[in-house]
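Below, each structure is written out as structure tokens.
Same chain, two partners: chain A is paired with chain B first, then with chain C.
Let's look at the complex of A and B:
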């Protein structure tokens, strides 16, 4: 009995951690590196989920349909960045209004194009069970993919020329530009990568949600909370934040239901921000300006 | 031949004019300084030179071409290395990573000068993996100069390299600037308020007052030290 409980909570923690990190990662990149608050982030996840579900229903294996979802969302993000977002850098409020408008258009547009719902993607891999305990193995995949994506991002931002230029641009845009960095291009690529991450998240989450045009709304609050708790370091911060929040969310969801779990998550976020106003990773950062 | 020129430049921020009808020329291979009291517009002139600010009137010439409409990143890739006032190293990147950013200067076609930078500034060599934000003011200044130099620019722009740097390091930096000019052949334009630095390092010195160039003197003439002193001290 006790062991089953522990296992149940562990299973919930894995999916809670995976979901929080996946929902947050694209937002964290776009906000952390570009200071753009992308209120259409949930709809980017939604587009990734639809593109994945669509590819899957057309016979593409899920493992391939998910990166397709990422790519499609990345292209949508790229077009938006060139047409709209790039005119709104350094205009926080304008960019929020614009991305909010985009989110409405995307949700309504998807309703018109694809109807109120799309055929669900079945959860792959089946359950793992132990006595009374049983959970979907896919939860482990979600958590592992979340960590895998963060490791991939760590590699990109540490070892590639683009990554170095992006960090320099984030730390001091004017100086980066005056040293030959094409900051306009850096912003474009960064927005693209953030969009791809949101799309992959949507693809990975597609087997565990109903594919409806409003699905983005169920992730946007958790995504923002995770990013705020994470603080200035995109990668380390997102891992620590996802972990801390899921540690609170999982047991409360287990004992008092998922609504109480969400409330507990928000309360935990408020407490963390009270104690560490710079977010969890703000505490770790060194070598300030 | 003039490597760099400002011709009748008028510029400012918004509606307040800061520079009025400024003309200045830097001959290839020369080391030229610009002096003036606080707030006269020296940094504004340097921003016009690199392209972080556009002139309202007048033009900017580099290497025989009109670069007035080129952005700062394009000018950097065309061969201008810029060291901003206050250094502005990337604080959460290592010394080596800071230099790698500077490698964009001069574009892809030229040989990069990592070895030379580490030879001129051995302190950087010792601190390759240290975060730039944790270094002393003098070390950061060396890094900012190295970062602008590593891409092998034709012109190096330095905005008050001695500011906030202890005196022994000021001497070291002024010697390095002269060596860079003599050994690599880099043309230099620097802003200073430090008389010794100006006297030691430059062959020619523009004097700025309230947004205008009011004099051009040669620090080699002994008489001019007093002129320079008069223009810097209040």
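Let's look at the complex of A and C:
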């Protein structure tokens, strides 16, 4: 009995952690590195989910449909960056209003193109159970993929030339440019990677949500809260932040319902920001990345 | 740029007694922190006020009712202009105070109406309670040295928490006196504004309500102009421009931010109370993410560092939104998004400052206004 409870909470925590980190990972790049408040981030996730669901219903296996979702979203992000976002660097607030406009266009545009709902993607992999306890194995996969994406980002930003140039650009654009880095290109690629991450997140989440044009709205808040709580270090911060928030969210959801869990998550975010104004990772490693 | 009393361009059309009179009457409201300080501007202001007063006589009651509905939201936009545009506190959760004001009005008014037949003190309660709540939230943030985008996230979280909490108040156990909170379906049958004590009652049915709200708006506009052009207003702007420097001058910026935030909370509460009494209904989504973004958008589109920007941004975008929706096309939301994008890309300081500088170019710039331009560049 007690063991079942522990397992239940652990399962919820894994699931909450996976969702939070997945929702946040693209935003962690776009906001955390580029200081663009992308209110269309939820719609990026939505586009990823749609592209995945569409490919899946066309017969593509899910494992391939998810990267397709990421790629489609990345291309959408790339076009947006060239047309609009690149005019908004260093204009934090303007970027917010502009991306809000983009999110309106995307959500309504998807409604016009694809209708109020799209055929759902069935959850793969079945359940794992122990006595009374049972959870979908796919949720474990989600949490693992969330970590996997962060590790991939760590690889990109630590070991590739682009990654080093990107970190240099974010730290000091002038100096980076005078040392020969094409910063315009760096911004473009960074936005592309952030969009791909959001799209992959949407693809990964598509089997556990209903595919509707407004699905992005349910992730945007969690994403922002996770990113802000994370602080300056994109990768370490996102893991710590996702972990702390899910540690609060899961038990409360278990005992008092998902509504109370949501409230607890927001309250936890407020308290963490108040106590650690630099975010968790800012406190963890003074000076940041 | 000269120091002597300027003969403002455009004023040569006016008799000097008019110019002097207007200058004297409106002197407390003039200053470098607002757009429009010339006698010409004040004549236009009086004309617009006259048109607004005559409006119910020349249009249908339905339109009057609709317009009142737009105006009640302007106070929410003005609250954001004061705390964000002038003081630099980026609140993404002004709707928390708006919703709290609306619910407070609903609860107090429903109970008062049973006793006195009027809603007298309900409006006051709906201003005071959100202000007190703003002090609590503000103390938590500013005395903890939380600033910038972190303030936005905390205020957003606060409004979302309130939305969730009010959404869970379904059922008879959540009844305060005669008022049932109603959960996610909202609070119904909120009384319209009515002043007096039975049997002497003035009920504000649509047209008087319109005059009441427009009167409040004019008073609020002038009051804000007075505040931001006073010494206190200069301190607010100093906090916005450079917190450290302002602190070095000996000001307690935590206290100043807290005061501005509390005034903003009171104004947002007023807005919510007016909305609740106009609508006779309020529900938790007024504190949700979609509504929370509205004032930010209005103020940014109109021009965040101007009071007129908030007014025209709120009026214009609400009007546009409802006209587009009434047109019935599924593309209306798309059009709204495109307009937002266009404004951000082509009028980065907002529409109202852009128009104002266009007019200035036409009739020449006044010395007062040139200060505004320097300010916004800083």
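By definition in this document, the second predicted complex is superposed on the first by the 285 of 289 C-alpha atoms of A that agree within 3 Å, B and C clash if a C-alpha of one lies under 4 Å from a C-alpha of the other, contacts with A are read in each partner's own complex, and residues count from 1 in each chain.
Just so we're on the same page, a residue touches a chain if its C-beta (ideal position, glycine included) is under 8 Å from a C-beta of that chain, and two chains touch if they have at least 3 such contacts.
What you see is a predicted model; the values in this text were computed from it and never measured.
**Q** Just to be sure I read the superposition right, which of the two partners does A:282 touch: chain B = first, chain C = second, or both, or neither?
**A** neither
**Q** Among the partners chain B and chain C, which is in contact with a greater number of residues of chain A?
**A** Of chain B and chain C, C contacts more residues of chain A.
**Q** A:91 in the overlay: touching chain B, chain C, both, or neither? Say first, second, both or neither.
**A** A:91 sits against chain C, while chain B stays out of touch.
**Q** Scan A:67 for contacts with chain B and chain C and give back first, second, both or neither.
**A** In the superposition, A:67 contacts neither chain B nor chain C.
**Q** Is A:174 touching the first partner chain B, the second partner chain C, both, or neither of them?
**A** In the superposition, A:174 touches chain B alone.
**Q** Taking the superposition on A as described, I'd like to know which of chain B and chain C A:101 touches: first, second, both or neither.
**A** second
**Q** List the residues of chain A that touch chain B in one complex and chain C in the other.
**A** Dual-contact residues (chain A): none.
**Q** Would you tell me which residues of chain B are touching chain A in their complex?
**A** Touching chain A: residues 50-52, 71-73, 76-77, 81-82, 84, 88, 90-93, 97, 100-102, 104-107, 131-134, 147-148, 151 of chain B.
**Q** Would you pull the chain C residues touching chain A in the complex into a rising list?
**A** 90, 140-141, 144-147, 149-150, 153-154, 156-158, 160-161, 164-165, 167-168, 289-290, 293, 296-297, 300-301, 304, 330-331, 333-334, 336-341, 344-345, 348
**Q** Taking the complex as given, what residues does chain A use to touch chain C?
**A** 37, 39, 84, 87-88, 91-94, 96-98, 100-105, 107-109, 111-112, 217, 220-221, 224-225, 228, 259, 262-263, 266-267, 269-270, 273-275, 277
**Q** In the complex, go through chain A and note every residue touching chain B.
**A** Answer in residue numbers: 161, 164-165, 167-168, 171-172, 174-183, 285-289.
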